[in-house]
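For reference, the structure is listed below as structure tokens.
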Amino acid sequence: MNRERTQALLDRVASGELDSAEAMRQLALPDTESLSFATIDHHRALRQGFPEVVFAEGKTVEQVLAIATHLNAGSEGFLITRVQPGMWAPLADCFPQAELHKLGRVAYLPPESPPAIAKGTVLVITAGTSDLPVAEEAAVCARAFGGRVERLTDVGVAGIHRLLSRGEQLQSAAVIIVVAGMEGALPSVVGGLVAAPVIAVPTSVGYGASFGGIAALLSMLNSCAAGVTVVNIDNGFGAAYAASRIIHR
Amino acid sequence: MNRERTQALLDRVASGELDSAEAMRQLALPDTESLSFATIDHHRALRQGFPEVVFAEGKTVEQVLAIATHLNAGSEGFLITRVQPGMWAPLADCFPQAELHKLGRVAYLPPESPPAIAKGTVLVITAGTSDLPVAEEAAVCARAFGGRVERLTDVGVAGIHRLLSRGEQLQSAAVIIVVAGMEGALPSVVGGLVAAPVIAVPTSVGYGASFGGIAALLSMLNSCAAGVTVVNIDNGFGAAYAASRIIHR
Amino acid sequence: MNRERTQALLDRVASGELDSAEAMRQLALPDTESLSFATIDHHRALRQGFPEVVFAEGKTVEQVLAIATHLNAGSEGFLITRVQPGMWAPLADCFPQAELHKLGRVAYLPPESPPAIAKGTVLVITAGTSDLPVAEEAAVCARAFGGRVERLTDVGVAGIHRLLSRGEQLQSAAVIIVVAGMEGALPSVVGGLVAAPVIAVPTSVGYGASFGGIAALLSMLNSCAAGVTVVNIDNGFGAAYAASRIIHR
Amino acid sequence: MNRERTQALLDRVASGELDSAEAMRQLALPDTESLSFATIDHHRALRQGFPEVVFAEGKTVEQVLAIATHLNAGSEGFLITRVQPGMWAPLADCFPQAELHKLGRVAYLPPESPPAIAKGTVLVITAGTSDLPVAEEAAVCARAFGGRVERLTDVGVAGIHRLLSRGEQLQSAAVIIVVAGMEGALPSVVGGLVAAPVIAVPTSVGYGASFGGIAALLSMLNSCAAGVTVVNIDNGFGAAYAASRIIHR
Amino acid sequence: MNRERTQALLDRVASGELDSAEAMRQLALPDTESLSFATIDHHRALRQGFPEVVFAEGKTVEQVLAIATHLNAGSEGFLITRVQPGMWAPLADCFPQAELHKLGRVAYLPPESPPAIAKGTVLVITAGTSDLPVAEEAAVCARAFGGRVERLTDVGVAGIHRLLSRGEQLQSAAVIIVVAGMEGALPSVVGGLVAAPVIAVPTSVGYGASFGGIAALLSMLNSCAAGVTVVNIDNGFGAAYAASRIIHR
Amino acid sequence: MNRERTQALLDRVASGELDSAEAMRQLALPDTESLSFATIDHHRALRQGFPEVVFAEGKTVEQVLAIATHLNAGSEGFLITRVQPGMWAPLADCFPQAELHKLGRVAYLPPESPPAIAKGTVLVITAGTSDLPVAEEAAVCARAFGGRVERLTDVGVAGIHRLLSRGEQLQSAAVIIVVAGMEGALPSVVGGLVAAPVIAVPTSVGYGASFGGIAALLSMLNSCAAGVTVVNIDNGFGAAYAASRIIHR
Amino acid sequence: MNRERTQALLDRVASGELDSAEAMRQLALPDTESLSFATIDHHRALRQGFPEVVFAEGKTVEQVLAIATHLNAGSEGFLITRVQPGMWAPLADCFPQAELHKLGRVAYLPPESPPAIAKGTVLVITAGTSDLPVAEEAAVCARAFGGRVERLTDVGVAGIHRLLSRGEQLQSAAVIIVVAGMEGALPSVVGGLVAAPVIAVPTSVGYGASFGGIAALLSMLNSCAAGVTVVNIDNGFGAAYAASRIIHR
Amino acid sequence: MNRERTQALLDRVASGELDSAEAMRQLALPDTESLSFATIDHHRALRQGFPEVVFAEGKTVEQVLAIATHLNAGSEGFLITRVQPGMWAPLADCFPQAELHKLGRVAYLPPESPPAIAKGTVLVITAGTSDLPVAEEAAVCARAFGGRVERLTDVGVAGIHRLLSRGEQLQSAAVIIVVAGMEGALPSVVGGLVAAPVIAVPTSVGYGASFGGIAALLSMLNSCAAGVTVVNIDNGFGAAYAASRIIHR
């Protein structure tokens, strides 16, 4: 039960539309639920504004479907990241209304009462075409968390004029997520151009001494542009979540 | 010339108090200034809201004093981080009004027109006593950037009740900076308890397999609490800057 | 020949049920046995209480079956870890009475005289659903070594109330095995809550800067909760063995 | 207030020697105490059997003395590890009754009601002479936590007969702490010889590719002797704490 | 043309059996031969006693067959290591007399005049069954280079009596190759028991913090047994070559 | 539009062959072009002399074909590196005139006005046969960038006479690209023999402690031969580009 | 004897000014010279155009002075890098005409016949003030090798306008050396703006996850701007040498 | 008691010069001796031919002197490596006959009956002047172990003619120790030139990406010259010991 539903329930009690006993019953549902292989944290939506998100990697199809079903009880929807190749078909079968974002590996079933849309734009920038899957994960998740999302693609620093020509879009964003692999220099340049919070996402794009994204990660952690913060390699979801914490503040 | 001063100047032109030619002259000062060993970016305060900050490590006393003097031209003050042991006395001599925060290794001379104070509190949490210097750097910088700062000290996860008993303070913060060395677990716990943005600062506190803060850094990058973002090891300043980008949004 | 069988044999000699010559013959079996590709250590069960355990990874099906057969000579059973996908069917064919634990990748054939059950519970805790295979390896092995096993699943620190609500179970355990991937923070929290020995098992669950479990491993080695000890990444078996050394003390 | 004192207090109430109101007052002391730079966890002794231990590295002399004074309030003593060179004299001045173990860098002031002595011996083995400081830290701490301690020194695997000739001592120990640098092979050999729990402590002794103890640490984590657990590099204290958790079980 | 053939040719000239012009012609063959994808070093056998050895990994079947054919011109045979799965059949077709050692991944066609057999035994010891492929590579190559080879298998340090019971075999070896994965402790123990040269071969056997053999490699480089030398991970061939340099001295 | 075409166009205007309005129109084409998944930098050819090169790894076949089509608009050709196995057929279908270099994984469609051929030879040296794919990438790209290319193959330092016998070829080269895996020693030897610029390319050829090319990379960065510069592991393209910057100077 | 002197000598023979016997004598000086602790390579100047350069780190003052004296025999001068603090005074005493560049840690005594000045400028760019010592080493060495040197200081990517405003200087350089620490992004931006060869020098400037320059090194190796080559961390000398190889081509 | 003394004693018994009871008494001395901080292995000289060697790093002056005194009992001398700066004077005072090799950091007191001199030369080659301390450690130790030692200094691969001109010396050596830092290429070149065993010693000479010797170490482990074996970074002693095992075979 997320904040929107709780607020609505309280409003109905206040207006006499719902009696307090029934409201009590609905609120009294346990805030954790124990499956044999998972302990679902139903309380999270109230505590943090967004319900628990399912990380599908390392789970079986059966586990993912079961957790999704439990989360969606009460029509609260679900958000699943890192969907594995064999999971698309079962998800489509069980949840025909769910959005399946294959590029970003995300499955999303909006709740009946979606979160309020925050003011301000979340701008997702990518350095190169190969960074798109991670950027797409970030964009889909940010929207699910109630954000307006814009995209700016393939504007890496080797052709800096591609970025500089988009000054207005950069200045108007409320939060910027910069997704880059290889040397990961883009967040430093963006961070030096704007006043908004910048969240850097290193990707595993590259080869040789990129070490699966470590080069980009280190670049971003050592950014000479002050105040750039960083999430894990390929963690588009995490960047979206952090951006949502910021815009819902 | 920061945003506050520029706004004031424009107001004085609007009110007829200042003629536009003189305003033009003041605004027309070059936005970079070349010393033999540095190129000062005077434009940053306008672009990003805060003036350039001096990182004293690896610079000579003479370089630091010269840069500070140029930054302070027009009474715009300065903020110097990582002040080295031998620099305190010369700084005190040249800038008797400057605040010298030895624990946090920060020297701060407030500008005549300090930045507006943002709404919302920046809460700086430390896991242990040895993390205090980094936390202090964060706290002093956050205040210089126009933040209200609170502190919560030595509440690491080995005695989790110390943290849990401060629920209200956690819930009311606008942004939380969590400073932790050793295994760096504290940001994950905090990130799971609140809805506000959480910025994690790994410290080099520890020994052996802490590898000068790498253990804490990796912990924070892999946090199971979604949306925790991370800055470089011991980078209290960077966390403060990121927090300021958020609260001034 | 394990301790239980040796003790039984000595008892039968003492009671006159077995003559000493025959006992001598049984005890005189060589304590190592050389196959062309392995030297089996039959003495281990007497020396350490548990017979040699077979690590199946990197061995051929034929080698595993041959070693299992030799270990099981005299109905002493066997315990095989890291069973590879193609080995289940041959194992089921050759040893129809063996327990095949596919999730934990363990095959177990109990000896005719199983080890005595120790006093005190071994509690196996996991941070997330994806840590289950390693936890299951630990649980099955701990039982094979004569432990009573309880499980507590998916109680990671991002929702700390899931763990705190199980205080009694935590306090009553004789030894606790904590299995966690990602940032590996859970053992620090558990280690701060209980007085019992805590054995931490990092898992390779995670991505990016988790580096196949290194992040969790380093977290656990740097735990701020004193006295947490650590085994290798994904080494559920090792944790179970260590727990068994403790409860059989 | 540790377990022994709490038990004594309850006994005096039971016998009528102390009235319950006064007992209440003594028990009602807050379980955390906030200094400006530390939050002392007075509850730990009750929860875990041993009071909080002070890690002196990275703290100032003043901080260490202040924390020690607060811990010792009520004559509960203190245990300080990693005492820095300049701290010996001030500690001797303030706490003339404290034991100062310079080789192990430990300062210990026993509480008035020391913890009960556990059954079984803690055997501390070192591979070489250079490992002695870490071993001594382990030995002093283990004794402070109520253990009987024996030592076996400089019996590394390059002259394996030195170890093998001490079989009886090895067999009789309740827990064994093995301290080794360089290639860290000793715990594997010991772990193969005994049934007792073995805690391995890698040390930073070595040079070149020992990488400050990483070689030994990795050796121990990969031990082919099942059930060896590991603590951080040079963490004699942690090994002692883990051993104490085991023997007080 | 290796040393044996050159010596034989010179002997025939000395005895008048061969005229010097013909000998000249045979010796005058160029000592390198350029294929489009390789420059064959025919001079190596004279310079170092053994002909060039083919490393098959990363080469195509066609390249391997072509190089083998050129090396074998003049019936000088060849030795191919790291033979890839798809290469066995073509090798068997082209060179029906070649020995195909699948476990060790070595194909060997002895030259018509094989190298003289050196005095003294090369003893190849393995810590575990999974180390056998590397040990087999070492054993086959050592024999090809003119060594007498003995094997001692699965005598790792977790059951040290398995090794100690073979003292005579250890003492009588001229050179010892010790092959071990996991913690790589065996060479240290062996190095402490014998006076002969000990060559340590780390293997990639293990998991988690074994890091594909790094743990064993570091152990061996840091061996407390003086004078143990080390070759690359899984480099059985290199160990055999080094052993051959020693016994042919 | 590259430099050659721009120069030709300006010449035609100067000669009256083309009127300036039409020239303007042709030059006025936007210098970036936004696809949904890429922002093409058409300006690069003018700025740097060579058009944008497509890195195919991590892109879909569709993306690669679309980008190639856009780049080739105006018959400016394209150069694609790291062509993936499934891309050869579609490329051959769409661009039958393109050269497909499978060993080097490069697809090249020459522009109608190819770049001028620079003076001086680019010599590509490889240490071993397994380094050929990277060397071939370098050779094909260097030719596409207007270089004359020579090759010297399999002349690694284990048979140094193979290299020394080619002194004249070494001395006459304008730039030398040295491609080597394993210990990467060859660039140091070459760098000590010649006065020309030497660009070292580490390859991922090797095993064990070569760590996918890190050993060779570190060797080259630490070369005792002054002035050797290095590109990323397996980056034949980058070396060719750097060589072209030099010879077109 | 460098190329200039050899050419002059041959000219004097050609003109009859010098008889060939004396010329022979001068040319016949041995090309290596053995001191007890060094083998001086006098041939290098002829072979590569520049004489051997002395790396002072790890050498004693006596060794440096002796090598400098031998190199300077015949007034050929010397170039010493990484001069250690205690070496300035003795160098000044022995070689009063030598230039002592303390910021760049270089001592330079020009030869009587200095190398010809090459056409084209070597532009040395630094990202920050703290990178100056390495940049200065590069600049002094490049001049000693016959280059014209320009400098552009403190133009890091956090204020990209500082760099972009210097377009003409960037375009006119023959070779560009870019010196940067922290995230090392500057060479990528520069490499995308110019057609000239770009040599990137990572510096050890930074802290925490910069790992003494590794972050910058990896950034540069993974540069998305094609054709940037890299030298070792802090290796200003190496960059200068490589630049000289290019401009003297 | 080493092999030479034991042989001499047996000879005297055989000749009647010594009665067997006294011989028995001398031989019956215990083969280990326990000091409070060390367990001396007197048996090693008999088992391996050389007595225990003292590694002084990490030991106190008092410990070193005490161990040296115990080793020298019976005039068996001692060999101490890694002598620390403050130890020279006390060693000179206590053992005026000892040789103090400050460059190699070795103190050596020859036994009354020194080990027999082996046939064949140990050739110690260094790449550069800065590698001399490690080479000197190797040379002094090799002599102490009964080897004839030759030296070849500063013949690194950047001037390969310095090495190639010494072909005869290379060919005549029985064992070659190659000491090199930086890129560590020298052992590969030497290993390709000779048939003798080659032991490579990486040194910590270098900077930046040499990582304290790791670059050289990896180079040597990946040597393309077959049969090169490697010891730890800076381990001149270990190389000498290995060489001695070979020449005394």
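As written, the chain order gives the labels A, B, C, D, E, F, G and H, with residue 1 at the start of each chain.
Keep in mind that, in the parts below, a residue touches a chain if its C-beta (ideal position, glycine included) is under 8 Å from a C-beta of that chain, and two chains touch if they have at least 3 such contacts.
The structure presented is a predicted model; accordingly, all values stated were derived computationally and were not measured.
Any chains in contact with both chain B and chain C?
A, D
Within the chain touch network, how many edges lie on the shortest path between chain C and chain G?
Step count on the best path from chain C to chain G: 2.
What is the set of chains touching both chain F and chain H?
Neighbours common to chain F and chain H are E, G.
For the copies chain C and chain E, give the interface type as same if over half of its residue numbers appear on both sides, and as different if under half do.
different
Report the chain whose mean Cα position is at the greatest distance from that of chain F.
The chain lying farthest from chain F is D.
With chain centres defined as C-alpha means, what is the inter-centre distance between chain D and chain F in Å?
Centre separation, chain D to chain F: 61 Å.
From the C-alpha centre of chain D to that of chain E, how far is it in Å?
For chain D versus chain E, the centre distance works out to 50 Å.
Using the touch rule from the top of the page, what residues of chain E touch 2 or more other chains?
158-159, 193, 208-210, 214, 217, 221-222, 226, 232-233
What chain pairs are in touch here?
The complete list of chain pairs in contact reads A-B, A-C, A-F, A-G, B-C, B-D, B-G, C-D, C-E, D-E, D-H, E-F, E-H, F-G, F-H, G-H.
Where on chain C does chain E make contact in their complex?
So the residues of chain C in touch with chain E come to 31-32, 34, 36-39, 41, 43-44, 52, 55, 57-59, 63, 67, 82, 202, 204, 212-214, 217, 232-235.
Contact residues on chain D for chain C in the complex?
Residues in contact with chain C: 47-49, 53, 120, 174-175, 192-199, 217, 221-222, 226-233, 237-239, 241-242, 244-246, 248-249.
Per the contact definition, I'd like the list of chain B residues that touch chain D in the complex.
For this pair, the touching residues of chain B are 129-130, 132, 153-155, 158-159, 161-162, 165, 205, 207-210.
What residues of chain H sit close enough to touch chain F in their complex?
Going through chain H, the ones touching chain F are 127-128, 156-160, 164, 182-185, 188-189, 191-193, 206, 208-211, 214-216, 218-226.
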